[in-house]
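Mind looking over this structure? Questions follow.
Chain lettering (A, B, C, D, E and F) follows the sequence in which the chains are written, and residue indices restart at 1 in each chain.
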Amino acid sequence: MTDGLDDLKDITKRTSKMLFGEPKPGEESGPGAYALWKEFDPELAKHISMFYTGRLYSREVISQKQRELCAVAALTVLDKPRELAIHIGAAMNVGATREEVAEVIFQMATYGGVPTMVEGLRTLKEVLEKRAG
Amino acid sequence: MTDGLDDLKDITKRTSKMLFGEPKPGEESGPGAYALWKEFDPELAKHISMFYTGRLYSREVISQKQRELCAVAALTVLDKPRELAIHIGAAMNVGATREEVAEVIFQMATYGGVPTMVEGLRTLKEVLEKRAG
Amino acid sequence: MTDGLDDLKDITKRTSKMLFGEPKPGEESGPGAYALWKEFDPELAKHISMFYTGRLYSREVISQKQRELCAVAALTVLDKPRELAIHIGAAMNVGATREEVAEVIFQMATYGGVPTMVEGLRTLKEVLEKRAG
Amino acid sequence: MTDGLDDLKDITKRTSKMLFGEPKPGEESGPGAYALWKEFDPELAKHISMFYTGRLYSREVISQKQRELCAVAALTVLDKPRELAIHIGAAMNVGATREEVAEVIFQMATYGGVPTMVEGLRTLKEVLEKRAG
Amino acid sequence: MTDGLDDLKDITKRTSKMLFGEPKPGEESGPGAYALWKEFDPELAKHISMFYTGRLYSREVISQKQRELCAVAALTVLDKPRELAIHIGAAMNVGATREEVAEVIFQMATYGGVPTMVEGLRTLKEVLEKRAG
Amino acid sequence: MTDGLDDLKDITKRTSKMLFGEPKPGEESGPGAYALWKEFDPELAKHISMFYTGRLYSREVISQKQRELCAVAALTVLDKPRELAIHIGAAMNVGATREEVAEVIFQMATYGGVPTMVEGLRTLKEVLEKRAG
């Protein structure tokens, strides 16, 4: 266990910036809704962020694009539209195309049923419109 | 819509063989349990197989390895051990390593919770033992 | 609210017998596992049984066959094999054929995904073998 | 396998019209959101529609009313309000009454819990208001 | 079984008032949406309310605060925001603090995944704002 | 952020011992299946354990008994029998009685449906038999 907490903070920031973009002033970007967590417990919010983003998402066993497409797959079948929108954005930030994201969502009809596929495509469409606009 | 049904049957067989291996005598391999479907309705079973394996899995928008790792992601968070075992096998048949499959399952703690990750690793272990033995 | 508790007990027994069969000596039949509930709280177990079986299942707005096929649909997509087995039996006790039950389960691929359909067919097969044997 | 693709297209259209109504100009009706699928992949969208609507929903092992009430059951416990609204409409288009649909949703408290029943009734109310208005 | 139906009605009312507050004129308070159930079947609605609120929630094996925090836990991982809002309110009505409710929701990341935790905190924030306003 | 990693390791061990008992020789106790995680990635396994057990379960905003009963609630409605068995054990290790655990599981019929309640009671019975034996 060589990482000190300072290293972990740096890794968390770098990974978060790569996936979720530069935090805007007055807003902290990130998976889920980091600002929301902080309202309820800032210390725990940091640990949550450092664990999921710093420890898990920063790993390099699979490519970031592969990782984010798997996140898209999971969040589609779990039908979590807000978190899915964030990870569709992350997938595209690390190189996935619109067609690749759509393909993963279409495939999910098999495992999660057609309604989860439909909701997934709806979320994808909204993300594409926001990024285009 | 250029594919006739004969082409589709061929594509389905080729895709099934690539992902799930050569059918053994007296057994039909495939996703889910094709032999089971056939017991209840052989005609419908063929259409189901041709749709999911022939139409969906044969597509090349993403790589087969990418597709199967997304299947692993979805089936882990949905906690479907039998289907997960089949797609872990498929992922390895198209080039995923044990480390890559484990990585996808570990990541799923984030979206589906720790219990789905634990069950996923348990299934992975069983598949690895069967393939080793 | 005209039903007294005695009437409700009778309705519960009649409905339970119609759906789940005659209780065997030393065993109390019923949905779920009535004997299990009673071990933990006999009084509450009675109220649970009287509510679900007596109040809900006894209603005649839809036919018993319709009701039980809807139970099969729901329990298939929720992937609850033990409860599904009980309601497949109940569906057949009130007149559903093997083909009708299989049809409902096949259709569930649409809403719950292929893995829930496969598990549902597996449960159906086990019920059919037990009833045949 | 006697159906050619042309027959299947016809069956799909007829079944879709029976369940989901006449497509309005500038809009394609259907389960899920056919227009949405087409935006991302028109060829695959056709195959998806032909499989679920043409192959599965057109079957006559159970009555259309029975089939749609089972769809209502599944979509209630899965808590998919948009798809549920479509299949409540379909159930009523093939002869189910408001009371029968409500009955199926009430029953779902047993399998999916009270919150899924409440959300299901809410969706039913919205569909009834739209059909009345 | 000593409770007559009149006793049960009283217990149901008292328990409902303790957890969900005094019904406002022209509105019936309660878990889920009692008024909605009544629109579809007033007699069944009464039995549902008397079973869940009167029989289950009135029990004293665990404290009301304990019971409601468990409801918060379950409804967070099931991702049912409307019902969760009602039981967050109930938990606070029987003595849970904002910090205790938040703690239960944070813990749910473990079992239901981060997205259910995020949605749970969002619902908590909305309830707190409504109660403050 | 005052905890160093050494402190966190201690907190993790103490919390794990309190909840899940003394590790037996040749076996590492803990939530989920710590030994299983370690087979696939020992370093990540440590971080996972330190996050969930060390950071989350060690917190004192709610009592350990309260926390574990909430875990029982969540794992019952999610229908995760292996993880549920572990947390039923933990709940009893920090002072919950058999009646309190059963009560939480009974209540879950409301949110997760009767089948999850039945499976939960079945798991409780198995845990009680193992602890008695």
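What we mean here is this: contacts are C-beta pairs under 8 Å (C-beta built on N, C-alpha and C of every residue); 3 or more make two chains touch, one makes a residue touch a chain.
Everything quoted here is computed from the prediction, not taken from an experiment.
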Checklist outcome for this item: Sorted by label, the chains bordering both chain A and chain D are B, C, E, F
Item to check | Mutual neighbours - chains that touch chain B and chain D alike | outcome: A, C, E, F
Checklist outcome for this item: Per mean C-alpha coordinates, the chain lying farthest from chain D is F
Item to check | Centroid distance [mean C-alpha coordinates] between chain C and chain A, Å | outcome: 41
Checklist entry - CA centre of chain C versus CA centre of chain E: separation in Å? => result 28
Checklist outcome for this item: Rounded to the nearest Å, the gap separating the Cα centres of chain B and chain C is 32
Item to check | Per-residue multi-chain contacts in chain A, two or more chains | outcome: 44, 52, 59, 75, 77-78, 80, 83, 102, 106, 109-116
Checklist entry - Chain contact graph: line, ring, star, complete or other? => result complete
Next on the checklist: Per the contact definition, I'd like the list of chain E residues that touch chain F in the complex.
Outcome noted: 52, 56-57, 59, 61-62, 66-67, 69-78, 80, 83, 99-100, 102-104, 106-112
Checklist entry - Where on chain C is chain F touching in the complex? => result 31-33, 36-37, 39-41, 44, 48, 52, 75, 78, 80, 82-83
Checklist entry - Within the complex, which stretch of chain C touches chain E? => result 1, 4-5, 43-44, 46-47, 51, 55, 59
Next on the checklist: With touch defined as at the start, can you tell me which chain A residues reach chain D in the complex?
Outcome noted: 79, 102, 106, 109, 113-119, 121-122, 124-125
Next on the checklist: Using the touch definition from the top, list the residues of chain F that touch chain D in their complex.
Outcome noted: 77, 109-116
